Amino acid sequence: MSIRIGVIGTGWIGEQHVHRLTSTVSGAEVAAVSDIDLDRAAEVAEAAGARRVDSAEKLIADSEVDAVVIASWGPVHAEQVLACVEAGKPVFCEKPLTTDAADARRIMDAEQAFGRRLVQVGFMRRYDAGYRRLKEVLDSGAVGKPLMAHCVHRNKSIREHYTTEMAARDTAVHEVDALRWLLGEEFVSAQTVLPRKTTKRFPHLQDPQIFLFETASGARVDVEVFVNCQYGYDIQCEIVGEEGAVRLPDPAAPAVRRAGRSSVPVLPEFGDRFEAAFDVELQEWVDRIRNGEALTGPSAWDGYAATMVTDAAVQSLHSGAIIPIDMGDRPELYA
Amino acid sequence: MSIRIGVIGTGWIGEQHVHRLTSTVSGAEVAAVSDIDLDRAAEVAEAAGARRVDSAEKLIADSEVDAVVIASWGPVHAEQVLACVEAGKPVFCEKPLTTDAADARRIMDAEQAFGRRLVQVGFMRRYDAGYRRLKEVLDSGAVGKPLMAHCVHRNKSIREHYTTEMAARDTAVHEVDALRWLLGEEFVSAQTVLPRKTTKRFPHLQDPQIFLFETASGARVDVEVFVNCQYGYDIQCEIVGEEGAVRLPDPAAPAVRRAGRSSVPVLPEFGDRFEAAFDVELQEWVDRIRNGEALTGPSAWDGYAATMVTDAAVQSLHSGAIIPIDMGDRPELYA
Amino acid sequence: MSIRIGVIGTGWIGEQHVHRLTSTVSGAEVAAVSDIDLDRAAEVAEAAGARRVDSAEKLIADSEVDAVVIASWGPVHAEQVLACVEAGKPVFCEKPLTTDAADARRIMDAEQAFGRRLVQVGFMRRYDAGYRRLKEVLDSGAVGKPLMAHCVHRNKSIREHYTTEMAARDTAVHEVDALRWLLGEEFVSAQTVLPRKTTKRFPHLQDPQIFLFETASGARVDVEVFVNCQYGYDIQCEIVGEEGAVRLPDPAAPAVRRAGRSSVPVLPEFGDRFEAAFDVELQEWVDRIRNGEALTGPSAWDGYAATMVTDAAVQSLHSGAIIPIDMGDRPELYA
Amino acid sequence: MSIRIGVIGTGWIGEQHVHRLTSTVSGAEVAAVSDIDLDRAAEVAEAAGARRVDSAEKLIADSEVDAVVIASWGPVHAEQVLACVEAGKPVFCEKPLTTDAADARRIMDAEQAFGRRLVQVGFMRRYDAGYRRLKEVLDSGAVGKPLMAHCVHRNKSIREHYTTEMAARDTAVHEVDALRWLLGEEFVSAQTVLPRKTTKRFPHLQDPQIFLFETASGARVDVEVFVNCQYGYDIQCEIVGEEGAVRLPDPAAPAVRRAGRSSVPVLPEFGDRFEAAFDVELQEWVDRIRNGEALTGPSAWDGYAATMVTDAAVQSLHSGAIIPIDMGDRPELYA
């Protein structure tokens, strides 16, 4: 009765998902694991009591795999997701859905041809307890119709391979999805503002960056991304409506009074901050598959929209201009 | 490979545990359910895809039951736990372990005769993320050796069957276990102080009550129990050490600014407050059984100690005196 | 038009008051200063542009002194206050009003004979913005009728001359006055509870101590006094009523996120915590005298009541018993 | 020995200042009062025990006026301040110093000709305890060199005469001065971003607005101005440096737990928020004059700079462009 899941990709997040599906999620088992590094795949598979499969293609086609989790390298997501859709198998794909908007459109076309949603994208913030309660407050009308959102995304520090464009594509993309979901509308323009660079990190990197977005209704969203803030992993979000304002809570932590200060810890890493959200995200995905229910998590359209918005932010990064965003019409399947 | 669990008792907490073991906990399945109300047992069993068994005795003896969860009426816990120990099956027993200290000693004797721990008592606070982080702070030495603890346990309101003695036995018992665990020592005296009664509830009930405990090292613990505080479910705990103080965090919640106030919600019910702790509690219990590891959760000794302390508090409630508590020596199995 | 004030005593608080009356308070001037240390008196007087007077008696009798501030050693307060009352001059006396309840009764007799209030006692917490807002909340009925109060008084550390009895007489006395004022009723019993002593300070000192008080209506007040808490000066107060609870705010301070923690400073010393309260206390006292209005600050009765309560706490410290407190009837002048 | 002050203008803030100088500030007296409404001037003068003077010119020239407070209508500030400088009298001028940058330059020329500072501008935030502690944190280096500042200025609601341009000139101007002071550098560009208008207020008004400023070093400052936020007066400021972030504290207020929520009040009006800052501002101004010390508060240059920045913000409001700001060199007198 457990859903048999194949996991493609055994990097950090892939291995985490294998462990999660084995030890935390109820109603699932990991049946197969693949990775371009065959030894690594074998190692992770063995620890989970699963089979190593030689390629992503074989894993997707495997008759003992009911559903697929994709945690491979971004550029191969598009073809792997398409293969899953063609095989009629539910697929959970880590972000980005695709690295290119045209690929995302192909996936949506395939999914529409299939006739119902098979694809879910790994925007885990929608499963975070704090964001969910924030959305409940917004939906209750307690603060009125949203006018502005102020967001902050800070990492303690980031490794050298991180590039200036990744601030939009890999980091702000989470705020983009979260705010599209919270506000319930699309973004229509993007502007990237460049503060003086921090001296605490690599000279090649423009860090911090500030992104300004406008929504279809005229609400404004600003996002500070500062990936070498030195002090910890810190996610903030305040939404201001016509009648009030609401703020994402910090994680609960014991306050300590000692040596002249009253303090709470700031979490060091994003894994700590969103670990429970990852658990809920996969549990709900598994539950829906088990119950034969339609997926309701972030869709291929959401993956496409996020790419469109972060593409515009990167354009603005280079040109300094305000970039309009035209997503086209949203297909009915994603209404 | 899943642990097959039998659940005795299908009241509120029993049904919750059945649902939890079915839908949230990984590596477990509910194999059998019993209740003195046979229809109710059948109903809960069916919803979980489990068998209804006609009695607790049969359920404990059932060869397809690997481990037992007891959520029956307190007075029958002792005999059911003993039967599990005699059958050599791991048992998770909701509090109270027993309603009588002598019964708890019989259980400890049986468990020692068996030679290793089979019994875990349902003090879920040890699994709450906030309490765990509080304990980490204490164990880190950041606030020095504890001298005092100030605790508050408030319920919004309580039903009419709740009696004055239940403030100690059913409510403060959670603080007693949590503080014994946090401080790592036993309580040696209890005093109950009676404030003026709230007029917002039944005249038969002495509410609030304040309990004062002394530990073996001379630390002092005070516990306010106020079960009709009107405003919500509120658990507070501050521990003061020689070098600082640390406070249990409130649950994280979005702060809303509207209509002249900035506010966060207080949870209405204890289920909301400790739901995640119940999940972790049973997941860890299942994991240890699956892995063949010794149980480390609250033991029969912890159940016994809690009963000894709350017995003393009830004595003080009636006499007004400070009541010494002598638990005797702790058997090596529970060191 | 300025009120001409004579200040008796030029220790820490006396000098502070001279400076305050000279530089912060509007409508007052320091006309005369006395101290048993004549050189010290001369020095402080000169800095304030005031005259040095050779004795407290002469200062009180001085025709160019309209009102007197007493900041001398506690044991001489009684005779100095009496001399002021006999001279018909308003007097502000630092706590304690007297070191003995009989002396306080003599002062009240003299004041009643005079026919209106001339004496104000230096319980500055009634002038602290936080305590005042706390009282507004209580008086608004927002939390219902008070049932319990939980108070904490912590000092970073204390000098060697501080004795075990001073925890009641010099420290908890502030909470005693504040709570009598907040709750609007008298205390009828006191119990002192002795936790294990901190090892961080002098062996002669019992530190911390917990005081339990009962009020006339049956409300319960507990006060933790811990004068070597190491981390800072920390005053806490939560009052629990039949419909809610309200907490004294910590001083506003900027929250800093750095090096893995989000923190606010805890003030190091009580002067910092209550500096603004001292300013308001003297400004209001001066304003009332200038306007010919009756004094409304802490009265001789309040000074007497505080002494009666702390006497009982000291008795309990030695005997371990719960000590009843009988203040007798409150004279009409202090209604 | 008291400084004799003449107050020009008896509107809300002028009357407040008269009261403040009479009742709160030590070492000052109000000698003369003028207003274009002679009856109003007479009324305010009488209440303060001061003379009514028939015109601002006469008041400034009055031989019994040592220093002048200007609280008249903005457009007449320039000539009144110039007259004070020409008379060699210290002057405290409410913002704006001038409504035109050229006038501000004339004032600076006159002050430089005089040879020392006589002019202080009423930017009271520099005297707010919270802002001062924020600046102490910045100056301590605890958060490293500033990179970004996020500011929020919300009023509950605003009267009908308030225009779209006033968001920059009358409201954001306070953030402009505060941030120039906190960061210790000038602003070099301004951009105004226009969210959808709130429907809760007059259609003629663009509310909210977001201002984006760049400083000489490349730091970025964003300021949300929302003058009809409905819920209260709310000032927020977070400064992000290379090693951490620091946040302006909210005013201290008692937290109340009742009816399912834990809440603190948000202040309704700006007067409540900055009342203590106004007191300190005038006390320090008076103290410096009494002591013959140079003024250190906001200078004519600060008034000029604020006008230059808000002029640019208004230009951007109309054009949508990013507007560069060139203030020219800062004269040595204002170094």
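As written, the chains take the letters A, B, C and D, and residue 1 is the first residue of each chain.
As a working rule, contacts are C-beta pairs under 8 Å (C-beta built on N, C-alpha and C of every residue); 3 or more make two chains touch, one makes a residue touch a chain.
By chain, UniProt protein names: A, B, C, D = Inositol 2-dehydrogenase.
Remember, predicted model here, so these are calculated numbers, not experimental data.
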Winner on C-beta contact pairs when C-D is weighed against A-C: C-D
Greatest separation from subunit D - chain, by CA centre: B
Interchain centroid distance [CA atoms averaged], subunit A/subunit D, Å: 44
Between subunit D and subunit C, distance of the C-alpha-averaged centres to the nearest whole Å: 38
Gap in Å, rounded to a whole number, between the CA centres of subunit C and subunit A: 58
Per-residue multi-chain contacts in subunit C, two or more chains: 230-231, 234, 243-245, 250, 257-259, 264
Subunit C-touching residues of subunit B, taken from the complex the two chains share: 144-145, 147-148, 150, 152, 193, 195-196, 198-200, 208, 210, 212, 217-220, 222, 224, 226, 229-231, 234, 240, 242-245
Residues of subunit A defined as touching subunit B within the complex: 22-27, 129-130, 133-134, 137, 142-143, 243-259, 264, 283, 287
Subunit A partner contacts - residues on subunit C that touch it in the complex: 230-232, 234, 250, 257-266, 268
